[in-house]
Amino acid sequence: MNARYGMVIDLDKCTGCGACIVACATENNVPPAAARATWRTGITPMLVQKLTNGKEGGERREAFIPIACMQCEHETPCVSVCPQQAVELDQKTGIVMQMPQRCLGCRYCMTACPYHARYFNWWDPQWPPGMEKSLNPGVSVRMRGVVEKCNLCHARYHVAVEKAAAKDKKEIDIADYVPACVEACATGAILFGNLADERDPVFAAAHSPDSFRLLERIGTEPKVHYKTKQDWIRVMADRNADRPTEAQHG
Amino acid sequence: MRRPSVVFAVGFAVAMFVGWVAFPRALYISQEQPLDFFHKTHAEKSGLNGCDSCHMAGSDGQYSGIPKTEVCAGCHTEKLGSSQDEALLVDNYVKQAKQTPWLVYSRQPANVWFSHAVHTRRAGLNCTECHGNYGESDSLRVYEQNRITGYSRDIWGHSISRLRRAPHDGMKMTDCENCHRRHHIQVGCLGCHQ
Amino acid sequence: MAEMAVLDRRWIARGAERSSTLHFLLWLAPWMFLLLLGVYAAGLCFYYGLNQTNMDNRFAFGMWIFLDLAIIAMGAGAFFTGFLVYILKQYDLKPVLNSAVVVGLTCYSGAVAVLMVDVGQPLRAWFTFWYPNTHSMLTEVTFCISCYLLVLVLEYIPVVLRNRQLRKIPSFLVFEHQFHKLVPVLAGVGAFLSFFHQGSLGGLYGVLRGRPFAYRQGFAIWPSTFFLFILSAMAVGPSFLMLVVAAAEKVTGRQLVHESVFRKLGFISGALLAVYVVAKAVDTYIWLNVTSPAVGFSPRDFYSYWPLSSLFLFIATVPLGLLPAVLMIWRRTALKRGWLLVAAALACGGVLLNRFVLTVQTLALPTLSFDEFLSYSPSWQEVATFGGVIAYGVIVYSLSYRYLPLFEPLKGVDKNVPLD
Amino acid sequence: MKVSRRDLLLGTAGAAAGIVFTPVPWKLLGDVSIWTQNWPWIPQPAHGPVETKQSVCTLCAAGCGMRVRMAAGWPVAISGVSTNPITKGALCPLGFAAHQLNWHPRRLREVRHHGRAASWEEAQAAFERACAEGPVAVVDGRPGRSASGVLAAFAEKHNGAYRVVLGAESQALLPYAEWSGTPVSALGYDLEHARTVVSFGAPLLDGWGTPGRFTRLWSEKAAGASNPELRLIQIESELSHTAARAWRWLQIRKGSDSDLAAGVARVLIEERLVAARGPLPAVSLADACSQTGVSELAIRELARVMATQRPTLVIAAESNASVAALNVLLGSVGAPGGIIRKSRAKEGPVPFEANPNSYRAILIDSTVPWDFVPRTKAEIFRFAAWDGGGLEADWLLPCPGFLEETTDVPSAPTLGVEPYAIATNLTAPAETIKTAAQFLAKIDSTLPEIEKLIQARCSEIFEGRTGTVYGDQQTPVAKFESAQKLEEQLRGGAVWVNDAPKNGELRCAFREWPGETASSAVTDWASTWAPAVFPPLAAKLYQESKLREAPGRRPA
């Protein structure tokens, strides 16, 4: 039974604390910022960005939108462009897998990704002396000159698989597989589950009227959904939202 | 025969020798294990049957790997023989409660995720299908390490050309792939990589 | 110095007038410096990694890719002239064939060199051949470029072998003679390969459905940019060749080819350019009114950011597209060398701009509704690396001109050749 | 026969042709690319068994429960504990990378005297001398721990003074303590029952109090709803993360909180929105408007909203009597959904005085925030695990870092309940490292031992027979058969929470409306973070993304 793991992120619940960013980095052995790194050269497989209603002073509103790999299901932009099969859409899990050890660092996939969810290792990863002891043994460290991105905490999937195997079960228990960002969210804004399973709460959430996907009309079928009840947020986040009048005074 | 062709042939022959004989020797460093170990003897004397009496996977599937010194200490609290290795084990490791720095022949690189639980419990493979009948060995062979990659020689296999290999010679990605293909197992990159 | 001059003289074709050794070295010196600087900059990128550049996660492609696309379009003169001469039997273009080969060779090898610096892990680049992803335009590019580079080398060999000293070795002479029969075949193969990868370079961006600014519909697996690139490359190739030959004449101070060759090149270039501009206009119309609205992008989303506004679109099509086309076709101007060269320059500029828009503007534009418009300027390492490639081109061409028969002696023009 | 140039060429050609038919070029090509995948200068994780331990975060007073994944004996990942009744699985962003702090470049490893390396013996001698010569002060950042007991005991025996430093959150409760005569440590907020929360600049959704407590409430009762069950009104000069996500954000001039409070009070009383008839603030509504830059309409509106959906709880960012007075007006003191008394404690520790020149020496515990600097001539002995830089301490004494010390965790400042947890050390610190308690115990061997005190506290809880222990499952204390069992559970990372206290025990009264309080607003998003430095990965929040401002004081 093939699964389709995905998320529904409730933008109304995101406080922009950034716990998901840090939890993701520790889980996946993402190195601390290089001295010269900026928001354009850093590595944040999970990244929280700001949305504003464009007004100033007391009228201003802000919201936050977490962006990780959208795990595009159809016409996955990065998969088709990679010249040497370093990226693939896994049939069993629906995860778009990035293999840094296969990557030659041509960055074509980064130009292909409309969500800017891919990151290049501009520097060799470095930790203060001794801190390499705090690396997660489930994830290999990337080297300079390759592209990386969210693999949906694949190490945790491995643990779940091994656990299932030990019990001689074919399918994993979804409770054993929770990505770091989902686990870290203090407000439970991120709902994770198997979109291919109607009984999974994530299924209903993904199909609710106030949920949407980024750049949906490009047709890449992302498996990361967003939802909000507030029109101005919807209009700011979703390019294809039909702009309701009250959106102006959000 | 004309001289030029002879000269050409000589050059060709030299290259052949260098490539097939000298190169493989130069490529690997040989390292001795810290201690010798007799799988056979342990199997017979201590009545341990089956690899998993020492190399087992826990309830969560975690593989224990090579037993820790504490396990050895179970019997080897005092020297059980007069051999030099025995003395080394007891004095340097058991007594000082230090782990033996074994060189693992089948150690895969950091970017590989291999679950023994999945292959033995789920797929029901025998250890010997990948490791050969190691339990019968009555000493540890020399550990050879690739100078460039740092991998154990067992990964590539002992035949440099990888043609006409003995079974279980080689633990490269292609070897995994072939076995998976034989058993119609479909796995993506991150099915075995991490 | 003296004996060096003698040695140097011995390698120069008998009867050919060339500048003095000293003069030649002085000419080479600045280019050598530029080349070394480029090698140093590339070295920095290899040693420290691509943090030496100003590229970033949003500008994952920068100046290098832009200029690679550009010079490869310029180098198209090589395959196209070969195609015209050997396949379409336009033998009157033969005089420029050799320099076309040299130009092509330098452009392509230079581009490949820069690409090797541009990738993060050059030592793994060969994976593309071992685990190719047949769906990727980049795979197509890689295969075609490397194969065509090989072809260009093979095409260059006979030219090299006709060097005064090398001719002395009998086996070489034989080889060259036999090999010559192969050249038309090579030209054919070359044309085919080059045709495809000029196209796949266009496809590179045309297939990016995630970047509505670059995404185009097309025929079969190829987006329209695939064909537009081929067309534009064929159009600008001869123009660039003209500029190179003209430059060579200026530098050497002697006429190298008959005026007629220039006119012919000009006419071909102009005609193709005219076709290209029309095709491009149609493509742009369909893209702005059908393709991008379908995915929720309007022209406003593309052209409301100064300076990359609609002005660019206009410049690329009219003053740098239509105008040179007319200048090269219209008899009044097409017969005047000066106008011809101006037109050629404009045409090259147009293609340059087109490649720039496709590579850089695509990445600068926002895709998500909350993105911002970004800018990027290359670091000195990027500039220097590319400067090195240009220097390399000039040096190879100069050496070839000096020691190899790039141009057949002109009857009636070159005094050293008696009129028979 | 002599070898000609031509022979050499031919031979080389032959060799070149030959080598292609050997493994050399192909194996080298492959191995070199494998080398790029395993560059020796790129660290790789260690091999070893992976296990999960449960403990409590000790980086600030909040005491969040955490699950620590250990590999090869070292902590490699931290996550929240969903069974924890207070945090419900939440942690602050900094907590997730806290396990890297022990290797922070600014980690203190040796004793420093005026910036130069020194020995523990010298430090001890110096402190003993100080004790002999005159009174010493022992300053604690988190009273109520067993370690605090040791510090207090020492101060008492050596006629010194035991003082505490209160964080902004505790200070915000000072007015109520003053009016009710209850120690601050016994006060708390009953957020769970409030239906309107008005925050005067307190970062309620951004690290205030115990992360996860309010954020969970907010996400369940408020997030995104146009007419939420729990109304969060943020009164702040900037659009902070809390203001951004609040139900309403009221922008006021910086430092004019007291004026707005006065204005609101006037409206509440004049419009008879509250039972209380006074005292009326001196400030007129017009003045309040001009001071705060808020329109009269907005102030009236605010007052009405506060009065309509009660209970309404007003929370200040720091000590501000006039803001506190609003709660008294609204009757939110000693009532559900208001300021409540969480413990029976009669008196609390004395805050550190403004003018400490009477001391010969001051010993500062590692729990005191790094930026606390007593202005004094006294000799300062400061314990810290990391050197935050930028301050003068005569003695800098290295103490255990994260998860390196076994300590207990009493109730956090803002909590409405009284929990108790034990943070056991998961890794051993270097020999060269001591806690303040160990340091003092070296001087006076008669001091109580921390382990004993923890045991005592556990049996105290066991005897108390009230409250519940939240481990893998919930067990009422009454169900435990021995104090040891209870202690075991707590040492295993479980947390004890006392039953909710009876309300109404709190009475606050004041004769006239409190005057202006000078505001020193805390605006740093991580100001509740006690350690002197940030985990390196925190830079993802402000350097590698545009999510936050780079924090002013702390080096990452």
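Structure notes:
First chain written, first letter: the chains are A, B, C and D, and each begins at residue 1.
Following the convention adopted for this analysis, a contact is a pair of C-beta atoms (placed from the backbone, for glycine too) under 8 Å apart; a residue touches a chain by one contact, two chains touch by 3 or more.
In this text, all values refer to a predicted model and were calculated from it rather than measured experimentally.
The minimum number of touch steps separating subunit A from subunit C is 1.
In this assembly, D is the chain whose CA centroid lies farthest from the centroid of subunit C. Overall, the chain located most centrally, as judged by its C-alpha mean against the mean of all protein C-alpha atoms, is A.
Interface comparison, C-D against A-D: more C-beta pairs in contact at A-D.
Once the centre of each chain is set as its mean CA position, subunit C and subunit D turn out to be 62 Å apart. The distance from the centre of subunit B to the centre of subunit C, with each centre set as the mean of the Cα atoms, comes to 53 Å. Look at where the CA atoms of subunit A average out and do the same for subunit D: the two points lie 29 Å apart.
Chain centres here are Cα averages; for subunit B and subunit D they lie 49 Å apart. Residue positions of subunit D touching 2 or more other chains, listed in rising order: 32, 35-37, 44-45, 47, 50.
Residue positions 38, 41-42, 49-50, 86, 101-102, 124, 138-141, 143 of subunit A are each in touch with at least two other chains. In subunit B, 62, 109-111 are the positions where the chain touches two or more neighbouring chains simultaneously. Interchain contacts (touch definition given at top) occur between A-B, A-C, A-D, B-D, C-D. Taken in their complex, subunit D has these residues touching subunit A: 36-37, 39, 41-48, 50, 69, 71-72, 74-80, 89-97, 99-100, 102-105, 205-207, 211-212, 215-216, 218-219, 223-226, 239, 241-242, 244-245, 249-251, 535-541, 543-548, 556.
Listing the residues of subunit A that touch subunit B in their complex gives 86, 88, 90-93, 95, 97, 99, 101-102, 138-141, 151, 154-155, 157-159, 161-166, 168, 170. The touching residues of subunit B, counted against subunit A in their complex, run 57-62, 109-111, 113, 115, 117-118, 121-122, 186-191, 193-194. On subunit C, the positions that touch subunit A within their shared complex are 49-51, 55-61, 118-122, 124-125, 127-128, 130-133, 135-139, 142, 204-205, 207-212, 294-296, 362-363, 367-371, 374. Subunit D meets subunit C in the complex at residues 29, 32-33, 35-36.
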